[in-house]
Amino acid sequence: MDRPFVDLGFARVDTDREARQGAPEAIFAEGKTPDEIAGIARTLLEGGASSVLLTRADDEARAALRAVAPDTQEDVRARLAWVARDTPEPRGTVTIVSGGTSDEPAVREAEVRAQLLGTTVIVHRDAGVAGLHRLEPALEDLRSADCVVVVAGWDAALASVVGGLVAAPVIGVPTSTGYGATFGGVSALLAMMTSCAAGVAVVNIDDGFGAGTIAARIARRAA
Amino acid sequence: MDRPFVDLGFARVDTDREARQGAPEAIFAEGKTPDEIAGIARTLLEGGASSVLLTRADDEARAALRAVAPDTQEDVRARLAWVARDTPEPRGTVTIVSGGTSDEPAVREAEVRAQLLGTTVIVHRDAGVAGLHRLEPALEDLRSADCVVVVAGWDAALASVVGGLVAAPVIGVPTSTGYGATFGGVSALLAMMTSCAAGVAVVNIDDGFGAGTIAARIARRAA
Amino acid sequence: MDRPFVDLGFARVDTDREARQGAPEAIFAEGKTPDEIAGIARTLLEGGASSVLLTRADDEARAALRAVAPDTQEDVRARLAWVARDTPEPRGTVTIVSGGTSDEPAVREAEVRAQLLGTTVIVHRDAGVAGLHRLEPALEDLRSADCVVVVAGWDAALASVVGGLVAAPVIGVPTSTGYGATFGGVSALLAMMTSCAAGVAVVNIDDGFGAGTIAARIARRAA
Amino acid sequence: MDRPFVDLGFARVDTDREARQGAPEAIFAEGKTPDEIAGIARTLLEGGASSVLLTRADDEARAALRAVAPDTQEDVRARLAWVARDTPEPRGTVTIVSGGTSDEPAVREAEVRAQLLGTTVIVHRDAGVAGLHRLEPALEDLRSADCVVVVAGWDAALASVVGGLVAAPVIGVPTSTGYGATFGGVSALLAMMTSCAAGVAVVNIDDGFGAGTIAARIARRAA
Amino acid sequence: MDRPFVDLGFARVDTDREARQGAPEAIFAEGKTPDEIAGIARTLLEGGASSVLLTRADDEARAALRAVAPDTQEDVRARLAWVARDTPEPRGTVTIVSGGTSDEPAVREAEVRAQLLGTTVIVHRDAGVAGLHRLEPALEDLRSADCVVVVAGWDAALASVVGGLVAAPVIGVPTSTGYGATFGGVSALLAMMTSCAAGVAVVNIDDGFGAGTIAARIARRAA
Amino acid sequence: MDRPFVDLGFARVDTDREARQGAPEAIFAEGKTPDEIAGIARTLLEGGASSVLLTRADDEARAALRAVAPDTQEDVRARLAWVARDTPEPRGTVTIVSGGTSDEPAVREAEVRAQLLGTTVIVHRDAGVAGLHRLEPALEDLRSADCVVVVAGWDAALASVVGGLVAAPVIGVPTSTGYGATFGGVSALLAMMTSCAAGVAVVNIDDGFGAGTIAARIARRAA
Amino acid sequence: MDRPFVDLGFARVDTDREARQGAPEAIFAEGKTPDEIAGIARTLLEGGASSVLLTRADDEARAALRAVAPDTQEDVRARLAWVARDTPEPRGTVTIVSGGTSDEPAVREAEVRAQLLGTTVIVHRDAGVAGLHRLEPALEDLRSADCVVVVAGWDAALASVVGGLVAAPVIGVPTSTGYGATFGGVSALLAMMTSCAAGVAVVNIDDGFGAGTIAARIARRAA
Amino acid sequence: MDRPFVDLGFARVDTDREARQGAPEAIFAEGKTPDEIAGIARTLLEGGASSVLLTRADDEARAALRAVAPDTQEDVRARLAWVARDTPEPRGTVTIVSGGTSDEPAVREAEVRAQLLGTTVIVHRDAGVAGLHRLEPALEDLRSADCVVVVAGWDAALASVVGGLVAAPVIGVPTSTGYGATFGGVSALLAMMTSCAAGVAVVNIDDGFGAGTIAARIARRAA
């Protein structure tokens, strides 16, 4: 187990992760001070990370990253900021399909993460089951993808529909879109988890980051 | 509130219900002794009920009904027994579509109840979303129905798919089919309840009886 | 499945829905930017929608609709805005009864939706079970309705009381009214779902919109 | 705190309880061997208990009590056995009303316990809300009671209806009657707990014993 | 059922409740506008209510009551306002004991309600089980009470301790005091509900109002 | 959507699935009669399925498959039976690691399914975190795998440990192994779902079948 | 991490655990075949384990251990079997106190485990809060203990009472004793977890084994 | 039970606690006014408390303590304030290890409490399982500790990893770090509770205070 990391006191930055797992450590902003975020980001960049991705980041958190790296890019709605330094050549294709416009933050998190890890990403938005014919323009991209990501809230029925149509591995991202008995994404999570289509695996609620990570791994290997 | 009922001591049989609501009281067998079942059934029949329906009935319970009425019919798998005496002329059509073969008990409960209340019932079985093309032969019957009943377990995605295709009212019956995170039908219930298709209303888990009741009311009025 | 829709990039507007299902697509405001709301509304109106209904809409969202259509109407408390252009001639009657004054937003959502879809709506407010005699003035309207909608929070006992009195189909809307063990409407949802009166079907917590949709479908067919 | 009890090794029998609280310790049979039950019962009787009540008792457990006391009485369905030795003169009246025939075990547990503690008990069975007129014959007994106990499963709407009619304290006993989303009595418990009628207090699911205990305390003091 | 009420459109004020149940209707402020609160309060006072109690009331809501009745009294921390006009002569004693200082709002709600309904109320605060000897000064008042109310958050162990010491009926009020696995009062509710002491009945989380109502009923009858 | 299937009345067998998705329909035995199982299996085999897999199958169910196909293989403990007819040449490697001996049924379900779909499967059993050094012999196979499947009950900590070591996609299978607060696999599911290692996706509790399906898809594409 | 273990194929027996952690690996019987149990037990004994403890063991499982070691001891009610070979000299004292007779299986599991790990164990049974004076004879042993274990079901109020009296560390074992809203031990777990007494830590429901393990570690170090 | 306390009306300050249990009463700030906090703190200090610890304290609450004691120390992020007057000589060592930077508030609560009670505390931060090699620098301190505290959110896999490595007692503190299916710390709590490593006991979510209390008791006795 003696692999490198940098101990900042408040954090032990895993500078070995990219070598070990092909994906650099990302920074989850909630519960961290701007100084801590800056310190971790600087350490990752100095350690040669191909990219740094900051998730769940409010204005202050994103500013902390910008201060460290002027080439920081941002997506305010998705609460993301990232620095792309030496990202791998894209290999493989991930097709993301979302149920509705309100699922956008999770879509973006998955998209940015998968791109930073070196894949081509295609997105089809608002193709929910209530108007199933809207899925048709996505079919070709779904069938040719190396990995499919379905992002949906409410009852997340889209996961089963897509899961019954394609031959590629399908990763489901339940979102907290909805109200009442959606219970902040729990109903979508349970629905995806018990999908009547075999071969769907699921990540945490609103966890576009996790979906982007595993999708990129699958797609790059497949290409 | 002074409407008729018969007090048997252990039960107050609501012989007024059919006059008041167009559907006779049914007998839920669980927790009742065979003697109690027989007593209630006899009272209903003597009170002129058009039919008597016994649900969740084991062998002993069904035998109790047979002893009271030799014209008792039964469905062992669905744990049903019923006596059809003077059922109304069928008016209106209910189309039931189920997700899989294992949903049969709830399908049958809905079918028998809706028929006893005087509707024509059409059933399409095993048209689940994992192979969506299997729904096609049902489309015409779904579109021409006065009321649609969707019976499905697992993630119950069929409710949203059907709910996005038809103009008729849709009643969802979540079933306890499945294992693990289906939680005995809870995931299906939540999914139907939060269906991304508007206009779907839901009854209790495995409650074919309730679905048959409201579907018959809707269909008979529409015809 | 090749039916029309308009792809705005961030949304695929289902301009076919009204032809297919008799009810135009509505706009759920949460998670959408004002620009997105305006774009969808404009597309629906240009596509000939008989009405546009915007739900869960804060001030900014409602203003976006007003900017698109000067004939926008609003209900601030219910967070609604809508444009009625070419709504169908009313057919059939929906009677809504609510448990208390605090259930008003869900009542209004159901009322406006059912009216926009072309039904006559009668509302009886604050007829909760704690003072059952207050339900009496509503009885005639409940009995003559083509569809009944019960809107109630707390333990939602009103659903069973009404469900045991009327012959029409009953749609329950559990509301988040209450505190403590009401769990944001969960207790009301469970109570309605397990109503001891047969023939009650239930929509999502606070989902007046869904109730209005199915109630209008039922009532118009019955008339 | 130095009050008497008898230590049997496997149990410390609280022979002081009746003096302290006016009600002898009862024996919950589940998880106890017949020998343990016999030992506790013998100790209570020798300690001068006015009665011994054994709850949740299977055949073997009840036989153990009979072996200790030949004057044991039993109710098989309610899994009860009891010995009435020197019960107090009845004072005050408890009226129990139940929602359905299947609630009988909890009804009997409450009835026997309240009688053993010295009250007059009146029972009205199967007066559920689905046919509200069946409650009418109970109204006088409900209004004249010193304490009312409502026993109901499913959505337990009866608690709110009764709670809105009477001036006496109301104790609710949610029962596990029902299936699906009744969740073994949870929905009934939540509904009673959030009753829209003020002044209803609730005991555990199927806990007729607890209801009988508090009802007797209330009724005896009131008389 | 033809008993009086006043229909204000937005509310049907149950002016009969005090005659029927001995306690006037109270006003739950959440979800009501100041105008609605004022209207209901005025109607109750004009209808001869002995008192008006407004619960869960923010500044604006309490001001609305003050505008209607200059003799309004208030408790800001407990979010209460009330008008005492013609309250009954006190009869019977209610002893309230709380687990900690933070349970005060529920304590006050119970205290004010029980006083308005005509009982003498004694309060012992902060007698929680972590330092059990602090309960000793309360023992005499607990033993002489006609009804005991236990208000406690966290694990609410105080309910069982008190429930095992006194002969009076015990009403438990679980509070939302605590964090983490207290789940907003759910753990306290479950603990009280499953108290190992028989004869404890429970009201909703933080529902001092409900506890005060039933406690007053019990105490006044006992006196 | 006009793709082939065979309608047996009780089932619409999706004989197109293998062409469409590269994996034949499997048969979930629960809730199906032996005759239904036999009928579906025969139809699949006649339709040219490369294999037939029967899951959650008791003795009777497995006998039904044997009667249809004498070359049926079985695993009693895992409640599996299968017929391997024309399975694809193995491509790619799946490494399965389990937390304990009791997780075997889910391990076997994943192993058999992945093999039938045409992959090489390596299994390391009982490498749970309580004795982390037992994972060492698995490390090489984990690092060289095209897809890793982690099967674990209790707190499923193995998912995070493995997820932090390998570069391959990781699929988690929470199992129902354990008692008490494992809640039948819920705790394991939640733990895997919230794994602190990025890139873990999760299937249903005990769903070795689903894991085998997606793992085979990933591995075959990668090879 | 290169420490010893024995790979039996179906199990990797952690023969290093006792050296590493001072407590040998125990065998959880559920989900293991008798042959597997025998194999693991034999390996542990051959590896020099000071003791072998088999938990949750039915008749067949216990027989498997007896066949391996004729000096096997058993407790049928607690479903335990164990072989004590070379257990450490007792050091330190653990006092166990239980709420009721029905908690015995968890009491015994904790007692046997702590004894096998080398501590003196004192048990006080049935000292529940409903009759608090029954705790008095236990006070001296509680105060002199190096570690206290509280075993209780229902609302587990005993944990807070004891936790507020002693200076020693307190380990809570919630049990599944009870019915209804005890939810198989969940209410007891939540109550112990949120104990108003500081310094109580909790193990899994019915997990006497875990409590015995940590209690022995604490007590031996303290002595 | 006649031990001292001071009754302030709103609080009964348990000035005996330190004598009885070796740890002074602490003040939970939520739900208390600044005046109440000041009053309790003053009483504790006047009663000779070795320290006063105020938890969950906002700015106003901490200011109230500062006003009472100028030697107040604070940790804003952890919402702590404390006065160390006459703390015991340190005996024994507690090693705290945390999963991530965001767990800091619970880490600090445990650290400060254990120090105030008289132990030496060593902290290793951000040693989560996603990069297991970061745990290595902590191993020596973990192995030499008298008690280990593991603070972790998400799936809290660190508890099992540490619990399988050390011989000391392990106390788990699940934290609310994370989003989605972490459910505010519930997933971490369940995971720790069902840890596959024996001998881990768990305190409430984010309850560093409770962990510090029991850890200090264990460590001081061991030293």
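First chain written, first letter: the chains are A, B, C, D, E, F, G and H, and each begins at residue 1.
The rule is simple: contacts are C-beta pairs under 8 Å (C-beta built on N, C-alpha and C of every residue); 3 or more make two chains touch, one makes a residue touch a chain.
Values in this document were obtained by computation on a predicted structure and should not be read as measured data.
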{"item": "Given subunit A and subunit F, the chains that contact each of them", "value": "B, H"}
{"item": "Most widely separated chain from subunit F, with each centre as the mean of CA atoms", "value": "E"}
{"item": "Subunit C and subunit E, separation of their C-alpha mean positions in angstrom", "value": "35"}
{"item": "For subunit D paired with subunit E, centre-to-centre distance based on mean C-alpha positions, whole Å", "value": "26"}
{"item": "Centroid spacing, where centroids are CA-atom means, of subunit E and subunit G in whole angstrom", "value": "43"}
{"item": "Sites on subunit G at which at least two other chains make contact", "value": "1, 100, 130-132, 164-165, 180-182, 186, 189, 193-194, 198, 204"}
{"item": "Every chain pair in contact, whichever chains are involved", "value": "A-B, A-C, A-F, A-H, B-C, B-D, B-F, C-D, C-E, D-E, D-G, E-G, E-H, F-G, F-H, G-H"}
{"item": "List of subunit E residues in touch with subunit D within their complex", "value": "20-23, 26, 146, 164-171, 189, 193-194, 198-204, 209-211, 213-214, 217-218, 221-222"}
{"item": "Residue ranges of subunit F in contact with subunit G within the complex", "value": "77, 100-104, 125-127, 130-137, 177, 179-182"}
{"item": "Footprint of subunit B on subunit F - complex, ascending", "value": "1-3, 5, 7, 9-12, 14, 16-17, 25, 28, 30-33, 36, 40, 56, 176, 184-186, 189, 204-207"}
{"item": "Residues of subunit G touching subunit E in the complex", "value": "99-100, 128-132, 154-157, 159-161, 163-165, 178, 180-183, 186-188, 190-198"}
